[in-house]
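Once you scroll down, you'll see the structures, which are given as structure tokens.
The following pair of complexes shares a single chain, chain A, combined with chain B in the former and chain C in the latter.
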Partner chain A sequence: MKPILLQGHERSITQIKFNREGDLLFSSSKDPIPNVWWSINGERLGTFDGHTGAIWAIDVKWDTTVFASGSADQSLRLWDCETGKTISKLQMKASVRGISFSYSGNLIAYTTDKMMGQQSELNIIDVREPNNVDDTAIMKAQVTPTNQKALSVLWGPLDETVVTGHEDGAIIKWDIRTSKKTDVAIEHTKQINDMQLGHDGTMFITASKDSTARLWDLSTLEPLKIFKTDRPVNSAAISPLIDKHPYVVLGGGQEAMEVTTTAARVGKFDARFFHAVFEEEFARVKGHFGPINSLAFHPNGKGYASGGEDGFVRVHVFDDAYNQFRFDY
Partner chain B sequence: MPVAEESVKSSWADEVEEVEVTGGNSSTEFPHPIVKNDGNSKTITEVVLNEDDKKVKVISHYKIEKHRVAKSIAQRKTWKKFGLSENDKPGPNPATTIGAEEVQMQFLSSKDEDPSESDDLKKKLIDSQKGQVKCRLCKEDHWTKQCPYKDKLEPLRSSLMDDEKDEEPAAAAPQEKKTGIPGKYVPPSMREGGSKKGESMISNRRDETATVRVTNLSENTREQDLQELFRPFGEISRIFLAKDKFTMASKGFAFINYKRRDDAARAIQVINGFGYDHLILNVEWANLNI
Partner chain C sequence: MAKKNKPKHENEGGGEEEEPDFSDPEDYVDDITEEELLGDLLRQKPKETDGVEAVIIVDGVPQVEQDRLEKLKKVIRKIFEESGGIINDYYPTDKNGKTKGYIFLEYKDKASAEDAVKKRNNYKLDKQHTFICNLFTDFDKYNDIPEEFVPPKPQPYKDFGNLYFFLMDENCYDQFSIIYDCGTSSGSTTAIYLNSIPDPQEIQKRERWTESYVRWSPRGTFLATFHAKGIALWGGEEFKQIQKFSHPGVQFIDFSPCENYMVTFSPHIDQRNEEPHSIIIWGIRTGQKKRAFHADKPPVWPIFKWSHDDKYFGRITDELLSVYETPSFGLLDKKSIKVPGIKDFSWSPTDNIIAYWIAEDKDVPAKVTLLSIPNREEIRAKNLFNVAECQMYWQKSGDHLCVKVARYAKAKREKNEIRYAGLYYNFEIFHMREKGIPVDSLEIKEQIQSFAWEPVDNKFGIISGEPPSVTVTFFQVSKGQQPAELKKFEKRDWNNMFWSPQGQFVVLAGLRNMSGVLDFIDTKDFQIMATTEHFMATDVEWDPTGRYVATSVSWWGHKVDNAYWLWTFQGKILSRHTIEKFCQLLWRPRPLSLVTNKDEIKKAVKKYSSQFEIQDKMRLSKASREIIEKRQQQMSSFIEYRKRMTEKFNAEKSERLRLRNSQDTDTLTSNVNDFEEEIVEFLVKKEVIPIE
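For the complex of A and B:
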């Protein structure tokens, strides 16, 4: 594999995301400017200038018209993907930690940080008219102090439920019509760093600081599989070609604050590929010289991208060794 | 859309030449970029100023690929660049997009899965060796070279050496005789490693696949030593130590037959290169053809 190195950020990457068709790759970092790239050759399409704080979370609408970013400057912005102009800006009272477009693209769920006397909240807003967004939430749920703060958020099927990942490792499912918790699953013992849906939306994977990643059934919140490593897992993704290549990829490594005390080899900054069924690691890809903070499979399943604490995004296209690999069982 | 394959900077020699020609004068006009396009690839040659205000010739090679894509993707391809990329030329900007070094996906075979085990064995081995290493100077548990009293004792010892020399072979010889001479005849079926039943000629042929050859053994190695050294890796069916017919001293090589090939493989992995009796052991498969 000959990865393409994207060097558009000045600080560590927080999240990367492909659009639905995989031709564009969005990236955000702790600097205030998210970037968008053509995934095929790594050419930068543009940057979204406007925020004044770290970008914690990004998402893009299914038709790649609207791009949403949640920032530590206590705002959420909607952008026009084509021009990079802000369509609307929603001012919050706390940083936005997780953000997710619903499947239809009509709603956005976002979670806010617990800070400065504000409680962590889960909100859902209607963005059918992105130019004229009503910032009164159609669903509002206070997360803290009954639970730890919510970091990441995902939509369930048919835009009826949302799932949040929390600082204490809990996974909570909410019914958006009643704003009530319907399920709480506590399997992870430490903070959930990332949650990603599988391609068909039936399963999702959580990456946790407790050095494991878990595969869940989205409708029942039943834990299906566990993938164990020996370092905190910052991100995990499920292969879209789950029938042919039933793999998941995990990224992580030592905590950023401890990195300077060890050599890169010891830090284990590799992307690790696990067989989704047998829970066994079968391959690794080196490259980053800091922990991987975000991973994403290309929607066609033929490649993946990783963003690291080192500020680089690496876009990989799998070679024949991956395509021909058969797990030995 | 052009795809960056690699962007090759001119060689150092070229740069120097370039600077000489233009005399380092940055006010001279830059020649227009030369673009060569032959359908499948494009080569752009241009002269730019680098960070040190030196003129550099940059030759960029692009591979042109054609992809059939969905209409929506093709539509997005026509989008103009914006934000910080607004002024970028078509094609990847080398400042933000870099072709990284080739990386290989490293597939983990079951073999490398627990390196901890062989580490343990190595440690065990080193522990078991502790008593065997003896300093010639202070008789302590370390190599002579690492003896802390080396400076003091070395001259003393060398002065004594001459006296000892005569005694040493005499003392060593009887000991060797005692252990070296084989005892009473034992039928093959009763020997260690042999099955209790009688063996036919055919089944007597040893399984060569689990046999390792040890070379560079010291002269006073005995079977017993090899047993101690190689037993930790698994059951051994036979040890053959080549000895001189008359002196019974080791000829410096031996064969160890393991019952299982895995054990043999581990023994090779761990013992090969291991220091034993002032020599570095060389351990390999006995039959390299298999």
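For the complex of A and C:
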């Protein structure tokens, strides 16, 4: 089916995210205004005006009441989803790179860049009172110098653990009750660009610049599967229908800075679908004319959306061929 | 005295110090030899034999009386001082003062002496006198020859196993070599694969096997690797080192067609008077240097071209065509063939015939000549007019020679360069197997991109026109007739043509900047069997049997997507292999087929093909069975893993409910009761209705 093209950003997309029900799609880009859209028809519901720098990361609370954004303007903002107004603004000393609501939505984990004498940090704050957030972190961990800066962060299933993905390819699991590292997994050889949780929080997938994506068990941090491509992978997502359609989708392409010198075909900006068990690619979706920066499965597993360096978000609904496709085994 | 033994720096003022006594004690016996005392100095002491290597003996000098000696000396000096300063001479005389007819000359150094011998040996002073020059040290050398002949010890026989092992594969799979990881600090990796079905099998892999690239010998017996110090040859079942050739800085090599000799080239600038080092010809089996040559600058490789049977090899220097013989490595009939204006030459791939062409010179037209060797008989010559450039293409079977002649309408002389205008092309086709070697001519007005003979049979193809839209034309040559046009493909984006080694099938490709389009064509009926592409492909290589084609994107030509793909001759993709920094794929050549009754095999092809089909089916089903088994196993372990996880997930349900205010959010519809209905209006259609 023809995808819906969302044109609302002036610069390249940095992250897209469905809310839990999948009726809304949030998007952020290097311009300072995150957007929210009806996923069913691509109509723009509204914008979140206030930041003064590129938005690196966004997340939305499970009940779609609060939307969070982290920006290069060195602030983290919480927004009222209904009105689009800022509820609170937290000023940082460095850009916010990764952001994630916990399962309950009571806590937010965020990572900051290493810049201007600041070390890269992982912080967890309590946001039970969104309009009166205490910005003193309940957990604070310095990521450097033992490991390079954290680019993405996600929560384990029960508000107990946080996983960070790092510039050197390392993945670290933290126990928030003790504020200690519990596991470190070094499988990727280059930086982790994205991490996404499966629908039940038992598995997660990492996308790396080393041209691979990996599927992990979250509780043990054991690598389960590897998906190989020939281009840096910027984002990867697990199908919510993993037990019926065990598929994952990978997006990326030749790096943005090199693209100007090469034809779109060389860049390979396709979304690639892999069988999660056999690690084999079985489908590609073309469309973007720059690398894909962020991917998300619709929570009902019947479609997906992609946001690219070209500034567009494309919302796809799978056709019958996807549902009927079977691997021989 | 004890007080004086204090460390010196504590002394105040040096003047009080007592002068040490150097004289020997009275009871001292000098028993140290001079060797022990100043051995290093003694070793530098001039020996009587020093300087002997700078002395030469000249025989054949006129015998003169004392009164004319001065005049003779003057003449001798004039002749011999060209090679370097003479510091001493000696003219032995008899009782009457008449010189004996031989003289000794001492040069300032060895190099000058050697140069003088080289230049002035056999120098004709006049009708009666010819100089015979020798190094003085040579006399010593020949004097020291032992009286009795001691036969050299036979070297122990080294068994390298069966060098033709690669031909004994029961499925007749071919081998190929690949190089990858080039340009990395750890050096490149070379691997040899067996092109087995369905997937190639690695049979040998070595890191840093070569320092630049590898080459197979023309019959596939050896693999040559390049090193800073020289060339190494590998072969046999396990690719053991068979021979090595020391040639520092070697850059190019060339094998003789029968694998008896190898030519190596190092861009080393030879000094005028030293032994040549640039080009060395080696015996492959013995590893011995056969002969070395100086290189002209800048050389066009290969400098030496071999006849098909390894008997002769030739090169061009200035106005000379020099043909050498093996195994003596001397000039054929001791002299080169003088051909003024010779530009290029080539050997027939099947006969001892040389084709060469001569450029135009004022009123003399250009000429293509066929010369038979060793009798130097001109068997055919053809004059050509208005020639800018010629290129010679021999058919692999030696049946035809095609000379591509670039001709001009106008030529302008500008300074030292000649500029041609209105170029057009003629193809002169020599029918080698017919009496008198008739020549057909074919004219093409367009720019020629490429020309290629079908290796066997009688077709050839020409790519002409301006890229990216070119015309490909196929012609057939037949006895006593003009070449007939068989088929023309117009407006195509091909720039290269690759014939199957067995003829009939041809791959037309748009390589490099033409983004890798590939067409597989059967020239029997000119049906395009497959139109496909290998994006950004840089190379196309047929396997030696004409069954498979490899296309590749080399890191040398394109920095991303380095891979090689294997196809059938019909253009069906077999496998794709993506390898980081992959550089080169080379098929291992096969020796000439020894099969004589090819027709019989062709007749019985049905019988054989049914056997092969059964074999193929078995292989395929085995492969797919393996895949299915592997998948089943992967799937069952995954299902098992998911089961465990789902159990765990379900066990944590109460915990989740607690965290989300008792709302069940496990599936999208699990909290239906909490849903609030909301009406959302979408703009479905926009219509503008103008009022009046």
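The criterion applied here is as follows: the second predicted complex is superposed on the first by the 328 of 329 C-alpha atoms of A that agree within 3 Å, B and C clash if a C-alpha of one lies under 4 Å from a C-alpha of the other, contacts with A are read in each partner's own complex, and residues count from 1 in each chain.
Everything below uses one rule, namely that a contact is a pair of C-beta atoms (placed from the backbone, for glycine too) under 8 Å apart; a residue touches a chain by one contact, two chains touch by 3 or more.
This structure is a prediction, so every number in the text was calculated from the model and none was measured.
Chain B and chain C, once both complexes are superposed via chain A, clash. By the touch criterion defined above, A:Asn41 reaches both chain B and chain C. In the superposed model, A:Asp230 makes contact with chain C only, not with chain B.
Legend: residue contacts after superposition of the two complexes on their common chain; A:Glu21 is shown touching both chain B and chain C. When the two complexes are overlaid on their common chain A, residue A:Ile33 makes contact with chain B while staying clear of chain C. Within the superposed three-chain model, A:Pro246 lies in touch with chain C and out of touch with chain B [touch as defined at top]. Within the superposed three-chain model, A:Ser104 lies in touch with chain C and out of touch with chain B [touch as defined at top].
Remark: of the candidate stretches 385-393, 619-627 or 655-663 in chain C, the one overlapping chain B after superposition on chain A is 385-393. In the superposition on the C-alpha atoms of chain A, the part of chain A touched by chain B in one complex and by chain C in the other spans residues 21, 38, 40-41, 43, 63, 328.
Residues 1-8, 21, 23-24, 33, 35, 37-38, 40-49, 63-64, 82-85, 270, 273, 281-287, 314, 316, 318-319, 321-322, 325, 328 of chain A are the ones that touch chain B when the two sit in their complex. Against chain A, the residues of chain B that register as touching in their complex are 1-4, 67, 69-70, 72-73, 76-77, 79, 81-86, 88, 91-93, 95-108, 110. The part of chain C that touches chain A in the complex is made up of residues 535-536, 560-561, 578, 628, 631-632, 634-635, 638, 641-642, 645-646, 648-649, 652, 655-656, 659-660, 663, 665-666, 668, 680, 682-683. Those residues of chain A whose C-beta lies close enough to touch chain C in the complex are 20-22, 38, 40-41, 43, 62-63, 103-106, 157-159, 200-203, 217, 219, 224, 230, 242-243, 246, 254, 262, 265-266, 276-278, 299-300, 327-329.
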